[in-house]
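One structure is given below, represented as structure tokens, and several questions about it will come after.
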Amino acid sequence: MSAAASAAGRTNRPVSVASFAQAHNVRRDDEHNEVEMLMPVVAEVFGAIGITKDDVDFICSGSSDYLIGGPFSFVTALDAVGVWPPKPESHVEMDGAWALYEAWVLLQEGEIDAALVYCFGRSSPGNLNEILALQLDPYYVAPLWPDPVSLAALQARALIDAGKATEEDFAAIASRSRRDALSNPNAQVANDTPAQTLLEDEYVVSPLRRHALPPITDGVAAIVLAAGDKARRWSKSPAWITGFDHRIETHSLGARDLTSSSSTAMAAQRAGLSDGPVDIAEIHAPFAHQEIILVEALGLDDTVAINPSGGALAANPIMSAGLIRIGEAASRISSGQARRAVAHATSGPCLQQNLVCVLEGE
Amino acid sequence: MAERCAVIGVGQTHHKSKRNDVSIAGLVREAAKMALADADLTWTDIDAVVIGKAPDMFEGNMMPELYLAPALGAVGKPMFRVHTAGSVGGSTALVAAHLISSGIHKRVLTVAYEKQSDSDAMWALSVPQPFAAPLLAGAGGYFAPHIRAYMRRSGAPEYIGRMVAVKDRRNAMRNPYAHLHIADIDMKMVEESMMLWDPLRYLEACPSSDGAAAMVLSAEDAVSGHFPPAWVHGMAMRSEPTMFAGRDQVNPRAGRDCSADVYAQAGITDPRRQIDVAEVYVPFSWYEPMWLENLGFCDLGDGWKLTESGATAFDGDIPWNTSGGVLSSNPIGASGMLRFLEVAMQVRGQAGEHQIEGARVALGQAYGGGSQFFSMWVVGSDKP
Amino acid sequence: MADPTTTEDLGPVTTLATPIRLDFEFTPGVAQSRFLRGLEQGKFMGQRCPTCGKVYVPSRGSCPTDGVPTTEDVALANVGTVTTYCVVNVPFAGQSIEIPYICAQVLLDGANISFMGLIQEIPADQIRMGMRVEAVWVEPDQLTPSLESVRYFRPNGEPDADYETYKEYL
């Protein structure tokens, strides 16, 4: 921290999620290219509140070239919006949740009133186990090609060894998530399977069985952020962002306590999560055991409904799943199902980087 | 409502074709440590880190900010990664500046880099895609036809490009960090260099460099450092689609709109008179006259006349790229930030041999993609 | 004899090679599939924007300025105009054409956007802006849904197009 006081995390100017839309998440969309996947979602996110692209002052997107398999994949994706006349626009090589953060920062400044944020996560074109290995230290770790499931399994093992969880807990989380997903029309994996049955799954990488892993998903999502009066004009019940922060931990897995998430706890504190109770939490936990770590880091008790959408275990479009958590939380506030909610996004191996967004209704 | 934002520290690496004396982390730290020292700060004084680079495929690391977090002192802090193609160095600085001007943070470290020698950049730009013909050979093949269109439109004589190539390389002789130091560069040498993408010759194109740039940005009540701050007077980004019917690729509207926005914020009505020095993204010589027109330094079609008259030379009335520019150093992801950083150095009076005496207002510009992404800032020695 | 207690005298390691090979399956999408199917039939298929009426070839599915789906198929001519070009003299990995070669922006008659094409059957120093060219296709039994169906473009002998007719496409 600098000597001067920092306002990090708290809202100065009321900004809300005015609209949210996502595609139906699927294992592989082999019919549409990225532009064709995005267009209907962008049209829906505007159409739901009766606005057009001309009503937003800024556009920010999130995606990863390595997932798509070509450099500059975000460039043509912009054709889904039709940025003419030219607009202020930016892109992050991160989950759309961070694109939303960038837009929120600009809205905090007060020069603009509305922004479109979108992201596309197409996980199907390549082999994720190979691609995600390239996120690791390029000199000492990536050349060994450790796959993301094995790294998550190391974390799950540490959690069990620390006495913080059991394989039964993982199965219970997976069972609950996919049962909740039955009421989510955009979910990819939804079923009502008792935890006891799930425990009969084979191990993929011990101690993680099939059910504890996220599906591979193609999916896109979009949010319109709006400030003050504009938000009230466009949306009958906007979901106001009252706190927003993100933090990163060290990259070296050997230097981290994999059974806790200090960066999530820090971001939650900065975002003022503990200022009041929340009704629901949308947590980006791609692997079942990670929900346990994140619930603890966020300090949530058992009165909070965790991942009513089914979470990342029901659909995990990489680069979109984080933004979708914020959208799902906001939707529940707008529909009156929740008064206050927390949404979370993660990035990097074993929850290295985490973002926390606190939302409230009127 | 926005808070004032200042540049209080700058740092850059010695740019070279291969920096195999350092890792990627070593490269970015070299620039970041220099910026911190300039600001008289340490890692712990920084609230957040914003990093930018061009496609991950240039080095073969996916989202390398994850690996770089500890090397840049970002552990426990927000770390943010920007990618807007060639303009990324500029947009990264702008994202960092907005963290200050929004009042969210007090001191932000922003870094941009490329270690092009870690892979084959030409390959990374030409990954075989099944729905496109494999005709291009890197960025030069993309931009050369637009340069030809500019020559046709403006009637510019063919030697104008060579003049820019010579001018920027001579300027680079004044900049110890520049990649290319070609002491005996002249029109003849450029003319005799290999024709790569007709009408572009080898010496009219940017090099491929390893390098990094870093800046410390601060709020007004957190200013520190060894030189007076460079105050941000205006900042803007604009994007337009890559290809559309009737698109003007020589003089893109996104560039014109972006400059109009940044000039309005900075109170600039006559850029040629009011701007003392500019660092503009010129990766191929002809982009100087093209951007002179796009940025409103002259009328349409007159850019080449300004270049020919020597107005943009070191001793001209609107010196452009006194650092040697992208034509002399091109670590792609950092190239845009170097433009922004160099103009901050000018108004802080710390540019050494390539300092323009008395520079008080300066423009930094970066562009990327198919001339469709623009980022700009105007900095000044006076508080806005 | 090296000192067994230290590796200092062995010098720095400056290079570490990590070969990376990744395979991807690309999805052309609805609009591009129509274009590719056209190539398989030996013709250029474009799509018209319902809002601005401009014809895109190939269409990626949207009008880039209006952001709406392009849905109406438009069969385009086999001839067009070189709006601008460059002569490629740079060897690069995967290059299948002998250098120097002409890489041109070709505006097909009936289209509102040019696309990049290879020009052959003319010396590289004789290409001009405004030159009229025609597509040369592979033999009918060799046609596939890919750009490889078009071997190249060549001058078709028509007089050059007037600069005014294509200058808005530069």
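When the chains are written out, they are named A, B and C in that same order, and each has its own residue count from 1.
Convention: contacts are C-beta pairs under 8 Å (C-beta built on N, C-alpha and C of every residue); 3 or more make two chains touch, one makes a residue touch a chain.
It should be emphasised that the depicted structure is a prediction, and the values quoted were computed from it without experimental measurement.
Asks: Does B-C or A-B have the larger number of C-beta pairs in contact?
Replies: Higher C-beta contact count between the two pairs: A-B.
Asks: Sort the other chains by how far their Cα centres are from that of subunit A and give me the top one.
Replies: C
Asks: Taking each chain's centre as its mean C-alpha position, how far apart are subunit A and subunit C in Å?
Replies: Between these chains, centre-to-centre, one finds 36 Å.
Asks: So how far apart, in whole Å, are subunit B and subunit C when each is placed at the average of its C-alpha atoms?
Replies: Between these chains, centre-to-centre, one finds 29 Å.
Asks: Centre to centre, by mean C-alpha position, how many angstrom separate subunit A and subunit B?
Replies: Chain centres of subunit A and subunit B, defined by C-alpha means, are spaced 32 Å apart.
Asks: Give me the residue numbers in subunit B that touch at least two other chains, ranges are fine.
Replies: Each of 60, 129, 241-242, 244 in subunit B touches at least two other chains.
Asks: Scan subunit C for residues touching two or more other chains and write them down.
Replies: 18, 20, 26, 28, 32, 63-65
Asks: Residues of subunit A that touch two or more other chains: which are they?
Replies: 66, 69-70, 76, 78-79, 82-84, 131, 134, 138-139, 142, in rising order.
Asks: Name, in rising order, each residue of subunit A that touches subunit C in their complex.
Replies: Residues of subunit A touching subunit C: 29-33, 35-36, 39, 42, 53, 66, 68-70, 76, 78-84, 124-127, 130-131, 134, 138-139, 142-143.
Asks: What residues on subunit B touch subunit A, complex-wise?
Replies: 1-2, 23-24, 44-48, 54-57, 59-70, 74-85, 91, 95, 98-99, 101-107, 124-125, 127, 129, 219, 221-222, 236-242, 244, 252-254, 257-258, 369-370, 372-373
Asks: Going by the contact rule at the top, pick out the subunit B residues touching subunit C in the complex.
Replies: So the residues of subunit B touching subunit C come out as 20-21, 60, 120, 122-123, 126, 128-138, 140-141, 144-146, 148-149, 152-153, 194-200, 241-246, 248-250.
Asks: So in the complex, the part of subunit C that touches subunit A is made up of which residues?
Replies: 16, 18, 20, 22-32, 60-69
Asks: In their complex, what parts of subunit C are in touch with subunit B?
Replies: 12, 14-15, 18, 20, 26, 28, 32, 36, 52, 54-56, 58, 63-65, 83-97, 100, 103-105, 112-113, 116-118, 124, 129, 146-147, 150, 163, 167-170
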